[in-house]
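In the two assemblies presented below, chain A is common to both, partnered first by chain B and then by chain C.
Let's look at the complex of A and B:
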C-alpha cells in the first residue's frame, strides 16, 4: 500500500512509461551515473573518494529528508537552508568557549544540542502554523522565514561576538563530525526513521492524502492543520540536525552554513521523484536523489570543471527532473481517461 | 441612454421582422442528438427559435437544456443532426465560432472578472487596438462601453471596478457584453435566480426591448411564472426530448409541471422496489432518541430557519432545485460551514466542531462532487477507502499502519460494496468509472459505521447497475439503525428510496411528504418558486 511499492501495480496498467517512475528508476539512474563516472575517472572510484562523496552528502540528505515531508503535503519549505545558519549560531552562542552562555560548563553540549533542535523545530512549526492556520501560501511564508532567520543569525553573531563566526566549540561536540563514524549512522538513522514515518505511520499516510486532495482529507476527518504543522516542524527539526552536523564538521558556528544548499535540497527531492504537486513522495526516493547529486557534483569536479559549469549542469538536471514530474502527472491523467472507458 | 431605440423597430411581430420573411427561424436544431459516456442526453431534438421572439426552455435538472444550449454555443459538438442559423448550416467548433456567428451566452454563473473594470469586462474578447498595434485604445474602449451600458440602461462610469456592482448590475453588464458582440441570438440561463424583484423587473423590460429590436432570445428558467410572462414560445424538455413546443399562451403552470415530470420511471430506478414496507409500521413505538435534531438553523443568505428531525433507521430525502441551499445545509450539518443561529443535536447531545469532531461522533458525509472533494484521485483505492478509519488499523504506541490489517479490511469492504474486480487495490482511483469511484467513497464511510450519513447527490454520474448497489447499501445501513439524509435533484430517486421527503426552496424548508403521500407533482410544486407552486394548486 505504500507508494514506493505501488509502481508494480501501476506498471501493469501503464506499461513501459512506469519505468520513469519510482525507486527502480532512481536505482537505475544512480547505477548508470556511478558506472559512467567510475569508468571515465579512476580517481572517482577510489575508496577514499567514494567515502568523501557519501560523507559530504549527509547534510543534504537531512535537509532533503525534511523537505520531502513538506513537498508531500503539497507545500514547499524554502527556509530550511537558512534555518541551518540560525540554528548553528544558536548552538555556538550556548557552547562556544569564547562567548558562549555556558562556556566550559559541563552541561554546555547537551543544552546546546537541545537549544539547536528546539530552535529548528520551533521555526518549522511557526512556518506550519502560518500555512495551516493562517492559510498563507507556503512559498511566501517560508521565503520570508528564510530572510528573517538569515538576518537574525547574522545580527545575533554581531551583537554578541562582534564577528562573523564563533569558534572554540566543545571537543565532545566536535567529535560528532569527525570522520563520519558518528554523523554517518546518525544521519542515515534519522533519514530511515523519517522514511518509516512518511511511508508507514498514520501521520505519514495522512500527509500523502492531504497532499493529493486537502479538501477530501479534511472532510474525511483528517486533522489537516495539525498534520501540516507536523510536516513543517519535521522539516525544521531536520534542518537543525543538518546544522549540528555542519557546525561540528566545520568546527565553527556560522550564519552562512547551509545557505548554498537550497537548490540542491529541492532538487534532490524532485530528482528522486517526489512531486511538486504534492501527494507523491518518499524519503527513500529522496535519498537516491541526494546520492545522485553528490556523485554528479564530485564527478564533475574531478573532471576539472569550474563551479559555474557544475552549477549550470546541476540546474539542467533538476529542470529535467521537474519536467519528468510534469510528464508523470500528464501520463497519469491521460491514461486515466483511456482506462475510464475500458473499465467502465 | 444615448443609443436607446432610435430606430424603433416593428413591435413584436410573430416572426422575424427582417427581410427573410416569417418562415426562416433564427436558429433551428434539426434532429440533434448527443450522449455523454453512453448515456443519451439529447434525443433527436428538433426546435426553432425566431428573431423578435422569446423562446423559453423548461425542464427538470438533467433534462438536456444546458446541453442543447452548449451545442449552440460551441462548447459541445452534436453527435448527429444539424444546426441552422438564419437558414444557413452552422457547425461551431469552439465558443469563439459561436460568438463570431452572433450567438451570445449569459451563463448562470456569471463569466465576469471582479478585478477588472466594467469597460474591460465588456471588451475581454476584442480590446480596441490603437492602429493595429498591441496597445489598447482606452478612450475608444470607454466610449464604446458607455454606449453599451446605455443600451442596457445601466448608468455607470465605465471605469467602475466590477466588484462594486450588485449581482443584478453584473447581469446587465453581461448582457451588454453580449450586445457588444453584435449578437443575433441571446441565450440566458437562469438569469433571475440571484436577482431582487426590482432588478428582475428591470431585466424583463430590457429583454422585451431587445426582443422588439429583433434579437432571438432563448430563456432557460425554472421559474414558470416568469416563463409564462416573458415568453412568446415555450418548449418543454424531458429526458432529452422535446415533449411540447408551442405558443406560451397555450400553456398553464399546471400543464408545464405535468409535462416536465410525466413519465413512468420504475424501470430506470430499480431500487424503487427496494424500500421495506415496515418503515412506516415501525415508526410509532421504535423512534427513541432521534439520530439528528435540527432546530431553527439559519445562516443569512444561505438557509433560513431549518427545523427537522432524522430518526433511527430512517431514510430522509431532501429535494430541491439547484441553488435551493441543500448542499449548503449539508455542509452546515457536517460542520464545514458555520450557521449564525440554531441548534443541531445528534443522539440527544449537541453537535459542535468541524468535520473531524463530527466524524468522531459517528457522522459521515458523501459530497456532491467526489472528484473535487470526495476522493484523492491520484491516491490508491486502498488509501481512499482507509482515509477516515486508518487510525483503527494502527499499532498504538508509534501509530504505525498495520499493513495486514489494512489489507484484510479493504478486502472485506470491497466485497461488501461489490467494487469491480478490475479495480486493483493499489490502482489510482482516477482510473475507475464513476460508479466504482462512488463505491470507494461509500466504502470509506461504511467502515466508519456511521450513525448519521449525509449523501449529497449520491448517484450523480453513476451508471444504473452501480446505482442499484448504492441504494441497497444505503438501505442496509438504515436498517441497521443509522439515520440517513439523501439530497437529490432526482425526484424518482427520492421517491424510490426514501421513507420521508423534505423539500427545500430558496433556503427554506417548503414541504414535507410522508411515504404514503409521495407525489411527483407535489414535490416539484413545493420546490419551484412560490408563485409557480400556487399555479399548480398543490400544497406549499
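Let's look at the complex of A and C:
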C-alpha cells in the first residue's frame, strides 16, 4: 500500500476526531452558548452578571482542576467536595474569633491557611497512597474518604465548638472571597500553574502515560506509585484552595461546604474533554467545561426555569459529554486497529 | 494538505456553534417574556430564593407566595438552592444583576445568609428572610418568623396535660431538628421550657438528633423505644417526621388513637397536611401551627413598604397557634395543612 492510500485510510476516520478534540470543540460550544444567551437575554451580557458568572465558577474551577490530574491518571476522586467541608472546618477551628485556637491572634490567618492547605493535601496524598501502594480501587478509596471527611468535619465542629458552623473569621481572610480581584487571580493563577504542570512538565507526561497504559508506563521507567500519590495530593490541594474561597465567600466555616458540587466537578472535566478512562485531558479543557456549566446555569436561571429543570438539563449535558467520551474512546481504538491493518 | 484538514473542521465547528446559538437563542427568546423584561416594564419584580422545597411547609409557602404575588401583579424571579449556600449566594447576585426590587429568602442557616444580606444592602435592595432568621448582624434586613419557643412551649404544655391524665409521671421523647437552624433550637428550647414548667412530672428519656432527616428520626426513635418501651409522649420538632413516628410505633404495637389503651400522646410543629390528617384520624393530639399565609403576606408587605420608602420593622413575629383536638374545627380555615389536605383529596 502506498503512503497516499495509507493517508486516505486514516482520513476516512478523521471525522469523529473533530468532536474528539476537546479544546476547539468546547471553545466553539462556549462561544455558541455565550452568543445565544447574550442575544436572548440582555441581562446575561451585563458586566455585573458576567462578573457573577466568572466569580461563582471559581471554586468549581479549582475542584475540577484537581480532578483533572486524577482523571488523566485513570483514577477518580469522589472525595474532593467532601474534603472542602473538612478543610473549611479546620480553617475555622484555627481562625474563628469565637472558638478558634488562634482567635484574634496575628498569626491566625497564615496558620489557618497553612492548616487548610496541609489538611487537603494530606488527605489527597492518603487517597493516593491507598490507590498506589495498597492497590485499592480509586472509587472505593475516595468514596470512603468522602464519608470519613464528612463525618470528621461534623464531629470536629460539634466536639470542639458545640455548634454546626464556625463564624467570626478574620477580616483579612474574608477579603479573599469578598472581592473578585482577589479570588479571581488566585484561582485562575492556580489553574494556570496546574495547566503548565499537566501540559508541559515531566510529571504531566508521566500522568498521561500512566493513564493511557499503566503497565507500559511502568515498564518505561515511570515512577507510577509516586505519580499517582502526586495526582491525588494535587486534587486535595486544589480542594483546599476551593475551601478557602468558599469559606471566605460565605464568611462561615461549615462541614457542608462543597458537598453539592461532586457531579459538577466530574461533569466539568468530562464536558471539557478529559477522558474518564484516563490518558487524555487538560486543565484548559476543564476550564472550558467549568465556564460552560457556569454559563448554562446562569443563563437558564435568567430564563426563570425552575431549579429542577436546570438540574435535569445539566445532567443531560454531562451525560452527553460522557457518551461523547465513550464514542471517542471507541473511535480511537477502532482507528488504531484500522491504521495498523492499512500499514501492514 | 494542512489547509484541506483545517478548513472542513473549522467550517464544521462554525456551523455547530451557529446552530447551537440559534437553538439556544430561540429558547431564550421564548423564555424572556414575563421575566427579565418585567424588571424594566414598571411592574414590581421580587427575587424569591428558597433553600429547599422538600417538605410540605416550604411547598405551601412557595405556592402561597406565587398566588399572593399574582394577585398583586408582582413578577417573581424564582430559585431553589437545594441546601447549598454558595449556590444561593449566586442566586441572590443574579437577582441583583436583574435589578429585582426586593428579595425574599429562605436561607439554609443563620450564618451563611449574612453575605447575601450584605450583597443586597450594597445594591440598595430590600431583603426579607422568611421563616429563618439570621445570626446577629448589623446588615439591614427584615425577618418574618414564628415564635418557635412560645408556640412549642404551649403545644408541649397541652401534650403533657393530656399525657398526665393517664399517668402522673410521663416518660417523654423529643425528635430534635438540625440545630444549625434557629427554628430547631427555638422548638427544642420551647419543649424544655414546658418540661421545666411541669415541675418534675416529665422525664425526658430521649432527645433524638435528626438533622431534619426522616431516616435518622426513624432509627433514633426505634432505639429510644427499645430502651424505654413505656414512653408516653413524643414531640416531633417538625410534622414532616410523623411518618417515621408512625412506622416505629406501628412496629411496636403502640400506634393507637387518642383514648385507646396504649396511646402515645403525640405532638409536632408546623401544622402540615400529614399532621392535619392524623389529627382528624385521632392519632395526633396537638401541633403548633405556623401561619404560612400570615408570613407570606408580611414578607410581601415588607418589600412593598421598602420600595415605597417606608422602613419595614427588623422583625415581624408570626404568632402562630396551637391546634388541638378541642379547637380543630374552629381553626381549620387558618390551618394551611388543612387546606393542602383538602386540595389533595
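The rule we apply is simple: the second predicted complex is superposed on the first by the 326 of 344 C-alpha atoms of A that agree within 3 Å, B and C clash if a C-alpha of one lies under 4 Å from a C-alpha of the other, contacts with A are read in each partner's own complex, and residues count from 1 in each chain.
Definition applied: a residue touches a chain if its C-beta (ideal position, glycine included) is under 8 Å from a C-beta of that chain, and two chains touch if they have at least 3 such contacts.
Quick caveat, the model's predicted, so the values are computed rather than measured.
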Based on the superposition on chain A, does the combination of chain B and chain C result in a clash or a fit? fit
First (chain B), second (chain C), both or neither touched by A:279: first
Identify the partner contact of A:298: answer first if only chain B is touched, second if only chain C is, both if each is, neither if none is. second
Check the residue A:206 against both partner chains and state whether it touches chain B (first), chain C (second), both, or neither. first
Rounded to the nearest 10, the angle in degrees at the CA centre of chain A toward chain B and chain C equals 130
For A:251, using the defined touch cut-off, is the partner it touches chain B, chain C, both, or neither? Pick first, second, both or neither. second
Would you check which partner chain A:35 touches, where first means chain B only, second means chain C only, and both and neither mean what they say? second
In the overlaid three-chain picture, which partner chain does A:49 touch, first (chain B) or second (chain C), both, or neither? second
A:306 contacts which: chain B (first), chain C (second), both, neither? second
Under the stated touch criterion, which partner chain does A:219 make contact with: chain B (first), chain C (second), both, or neither? first
In the superposition described above, what is the shortest C-alpha distance between chain B and chain C in Å? Please give a whole number. 13
Quick check on my understanding: which residues of chain A belong to both its chain B contact set and its chain C contact set? none
Give the list of chain A residues in touch with chain C in this complex. 14, 18, 24-25, 28-29, 31-33, 35-37, 39-43, 46, 48-49, 52, 56, 59, 163-165, 167, 246, 249-252, 254, 256-257, 259-260, 298-299, 301-308, 311
Flag every residue of chain B that touches chain A in the complex, lowest number first. 37, 334, 336, 354-356, 358-360, 365, 367, 372-380, 382-383, 386-388, 390-391, 394, 398-401, 403, 406-407, 420, 422-428, 430-436, 444, 463
For a test of understanding, state which residues of chain A touch chain B in their complex under the given definition. 1, 5-6, 8-10, 12-13, 196, 200-203, 205-206, 208-209, 212-213, 215-223, 279-280, 329, 332-333, 335-336, 339-341, 343-344
Which stretch or stretches of chain C touch chain A in the complex? 5, 9, 12-14, 16-29, 31-32, 34-36, 39, 77-87, 89-91, 93-94, 96-98, 108-109, 111-112, 114-115, 135, 178-180
